[in-house]
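Listed next: structures, encoded as structure tokens.
Each of the two complexes below includes chain A, the first together with chain B, the second together with chain C.
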Partner chain A sequence: MTTTTPAIVTRDLTKSYGAATILHPLTITIPRGEVFGFLGHNGAGKTTTIRLLTTLLAPSAGQASVAGHDLATDPMALRAAIGYLPENVRLYDRFTTQENLVFFGRLSGLSDVEDRVADTLAFLGIEALADRRVGTFSKGMRQRVGLAQAILHRPELLFLDEPTSGLDPMGVRLLREIVARLHASGMTIFMNTHLLSEVALTCTSIGVLAQGRLVYHDRMEAVTAKYGDERALEDLYLGVGLSEVTA
Partner chain B sequence: MPDLRSPIRIIARRDAREALRDRFLLVAISALSLAALVSLVTGAIALKGDAATYAAARATLLALGKDAAAIAAPEFWPLKLLRGTLEQIEIMGAVIALIAGYRAAVAERGRQTLALILTRPVRHWQFLAAKLAGGLMLSAMTLAVVFALTALVLNGISGVPLTLSDLGRLVLTWAAGTLYLTGIYTLGFALALWLRSSVSGLVYAFALWLVVVLVAPQIGDTMDPDNQVAGGVFASLQIPKAEQDRIKAGFAGYETFRNGIEVASVTKHFERLTFALLGIKDSYTGKPLSVIWADKKGDALFLLLFTAALGGLVLMRRINPDQLTQET
Partner chain C sequence: MTPASIVAAQSLAALLRERTVLLIAGIFTAMVLVSAWMGWSATATVNGIYADAVIYLQSIGQPVPANPLGQTSALGVLRNLTVYVSLIGTFAAIVTGQRLIEADRRAGVLPLIAARPPARMTYVAGKMQALALATAALVTLAAVISGLTLVLLPAIAVTAGEWLRLGGFFLLSWAYVTLFGMVALGAAARIPATAGGLLAATILWLAVTFVLPALTGNVNPTAAINPISALVATPETPVFTILGTVLGPVSLSEAYAYLAAGLMGYLPAGLVPRGVVPPFLSLIVLVAAALVFALRSGLALDPNAGGPDA
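Here is the complex of A and B:
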């Protein structure tokens, strides 16, 4: 595997439950170093896509390669290369931040786990939370500790599922800054969201999913050139979504 | 080559640590220890009295200048006093194990921690094996505390020292108990993991517990003709063994059916094995371990197979992350 290998390549990746198709054949390539914003209404299939790409779900059809590792044939190497922050992350309430992170760090195979935890806490500016039990945390604090477990092992590719959901404006801003710093460090980020402002401020490329179908995919510069400001982006988002719904 | 045991060790240790911080489990384990001790204390006091009576008689003989051998030294069987302790483990210990198994499943299910674990280089079977290992560690630690306390109290109150053989039998009983509780823990864990809702799993697990731990052994005991009179019908009528066997032979079909109900319960196998090991059942009091093993290896095997089979089923059934990582 070389660093020129795309971060994500899918070909006709599909997920169905019986007769219901949640994700229609998805074919997409996301280069390394991108901050990819995956937009879509609730129930559009964004979380299902992340669950497929992180090996939590088995696809019904199609293929995918994540960080150069095939989803079907090399899931263990794939998992070692990714970080994942689910929506509404909940860690072990009776454990402190430090204990939670040491646990997940060890599961990722880190040998210098204590040092990594200290570095990650410092990177996120949450050293003060190290010895506090996670069960006492607010949503924003939990989200940042959740992010810490996702980047602790310095993954090549980070999946964030609605990372700003339920955060106050300060929390959203902090998260945006962290994503920017992670991107600057070379990490590829795949972010599910329906916050258009976040996409405009954070992402380098976007995809729009409507009713399980990828209906738009382009680089952010192209989107900006074509649609101008955030308002136009909103029109695009609602337009493709609505036209799909009414089709 | 990757160390396959490593994730198992990491997750199992975390589970055991969490259990030790779980207030409910700590209270339940303390209650089990207390119940085990309470059932022991009266017997230990009576044993102390017996030992004191013998010591006084012996001292009197010696004071009179007579040979102490004039009265036979009594044989004390302190381990017989653990009957109540074993019954507490059978019933109360099983409830605690069941709930601990359920809690081990819900600690991950419906929370995103399962998703966080399964998106790391951990195989599904390793995660499941770790959860079972956590149950094994918890059962072993709980019973180690219970038996250590009972041994100390028995020694301390009765003043009758436990011999090396007694301690060996206690260790074997601890191992059997660990196997028994791990099996029940696995049952609670499996049902809470497999069923659509973990609460339904707990309800089913309790229903099974009721049948396996309470109803089946109770029916078997109640149907035993010899149990119809306290102390036993045959004993109270002073019927010789040969005559007992002749009478029983006339009820062979009934006895097979009654015994069948009893042996369907893992609890009964645990009880038969441990009552023999500790000499609680009179016919095994003072018998060497080789004799007990010859008679009771079937019960030991059943206990082992019950736990191993349940564990095997858990390991073979693949996790459905789609169902288990849905938020609750």
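Here is the complex of A and C:
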């Protein structure tokens, strides 16, 4: 694997449950260093895609390579190279932030786990939460601790599933700043969202998923050049999505 | 630490913060203490009567017979332990096994664990290790209380062989309760609904403890958990003979009661076990089956199913 290997390559990646196809053959390449915004209505198949790429679900057909590791043949190395923050992360309520992170750090095979936890908490500006029980946290605080467990082992590629869901405006802004800093550090980020404002402010490329089909994929500069401001992006999103829904 | 040990250590730490698990473990310990007190009380009563009888018999010049306690197994004073192991010990193991999986599911950490390098097998092995250690701790606590009771009881001399058999009884009890814990762990892994795993394992436990003895030996539910009345021969009717032969090998609570009585020295002379399979073999096979069930269910665990928002 080289640093020129794309972060994600999928070919006809498909997920079906019986006769119902949740994700139609998805073929996409996402280069390293991108902040990829994966847009789509609720139920479009965004979470299914993330679960497939993080090995939480087995594909029905197709192939994928994540961080240079094949999904089917090298899942352990793949997992070691990624971080994952699911929507509505909870963690162990009766444990402190520190205890939660030490556990996940050890599972990731970190030998210097205490130092990594301290560094990660400092990076996210949540040192004060270290010795507090997670069960007492607000949604925003949990989200940041959840993000801490996702980046604790310095993954090459970070998957965020609706990271701003349920956050107040301050929480959304904080998360945006953190994503920007992670991107600046060289991390590739794959972010599911349906918040267009976040995409416009954060992402370097976008894909639009409608009813399990990738219906649009381009770099953000191209989107901006073609559609102009955020309102035009909204028109693109709704137009592409709705035309699929009503097709 | 190996990844499985990391999972086991975290699971045990989480169990120690679970009120339900601690409550049931506390009740089990309390009942073991009650059992020890009952053994001590019964022994003290017999000794008191014997001492009075000795004085009286000597006063009238009659020969003094030996203390009846010396004629029975010293371990027999702890026979009530089998009731508490069968009832509360197994239920504590069931709750523990279910919580080991369900706590992770409710905390929403299954996807976080499954998206990390350790294989699913490692996670399951860690959970099974945690369960085995938790039940071992519970049984060890009962063993310590029982051992102290025997040491402190007057007029009871426990031989080295009896200490060994007592150790064997607690090993047997550990295997017995762990079996149910493994079933609960496996059921919780297979059934994402919060109470599903608990209910499935509890129904199995109820069937094994109360229903099977009724079918194999016409033992009523209350008698089924009594260490003495459960030990009866199969009624000599065609129905019980057939059912005893067919269901005997899977009638776990009867196998446990039979083996426990044998180890503790109060097995009625001439009582034969039900079925054609020796109880020890039955227990070994069913423990192995429970381990395989827990392992296979753990490997089939869907990290995306259920969870905090389900």
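Criterion: the second predicted complex is superposed on the first by the 247 of 247 C-alpha atoms of A that agree within 3 Å, B and C clash if a C-alpha of one lies under 4 Å from a C-alpha of the other, contacts with A are read in each partner's own complex, and residues count from 1 in each chain.
One rule holds in what follows: a contact is a pair of C-beta atoms (placed from the backbone, for glycine too) under 8 Å apart; a residue touches a chain by one contact, two chains touch by 3 or more.
Being a predicted model, the structure only gives us computed values, none of them experimental.
Student: For the combined arrangement obtained by superposing on chain A, do chain B and chain C clash, or do they fit?
Tutor: These partners clash in the superposed model.
Student: Could you look at A:S108 and tell me whether it touches chain B, chain C, both or neither (first, second, both, neither)?
Tutor: both
Student: A:N88 in the overlay: touching chain B, chain C, both, or neither? Say first, second, both or neither.
Tutor: A:N88 contacts both chain B and chain C.
Student: Could you say whether A:S60 touches chain B, chain C, both of them, or neither, answering first, second, both or neither?
Tutor: Neither partner.
Student: Have a look at where A:T5 lands relative to chain B and chain C in the superposition and call it first, second, both or neither.
Tutor: neither
Student: Looking at A:T204 after the superposition, I want to know if it touches chain B, chain C, both of them or none. Which is it: first, second, both, neither?
Tutor: After superposition on chain A, A:T204 lies in contact with neither partner.
Student: Applying the stated clash rule to the superposed structures, which of 43-51, 61-69 or 241-249 from chain B runs into chain C?
Tutor: 43-51
Student: Do any residues of chain A touch both chain B and chain C, and if so, which are they?
Tutor: 51, 54-57, 76-77, 79-80, 82, 84, 86, 88-92, 94-95, 103-104, 106-109, 149
Student: Which positions of chain A touch chain B when the two form their complex?
Tutor: Listed in rising order, the residues of chain A that touch chain B are 51, 54-57, 76-77, 79-80, 82, 84, 86, 88-92, 94-95, 103-104, 106-109, 146, 149.
Student: For the complex, which residues does chain C have touching chain A?
Tutor: Per the touch definition, chain C meets chain A at residues 1, 3, 6-7, 10, 13-14, 17, 103, 106-109, 111-119, 303-304, 308-309.
Student: What residues on chain A touch chain C, complex-wise?
Tutor: Within the complex, chain A touches chain C at residues 51, 54-57, 76-77, 79-80, 82, 84, 86, 88-95, 99, 103-104, 106-109, 149.
Student: What part of chain B is in contact with chain A in the complex they form?
Tutor: Listed in rising order, the residues are 6-7, 10-11, 14, 17-18, 21-22, 107, 111-113, 115-123, 321-322, 325, 327.
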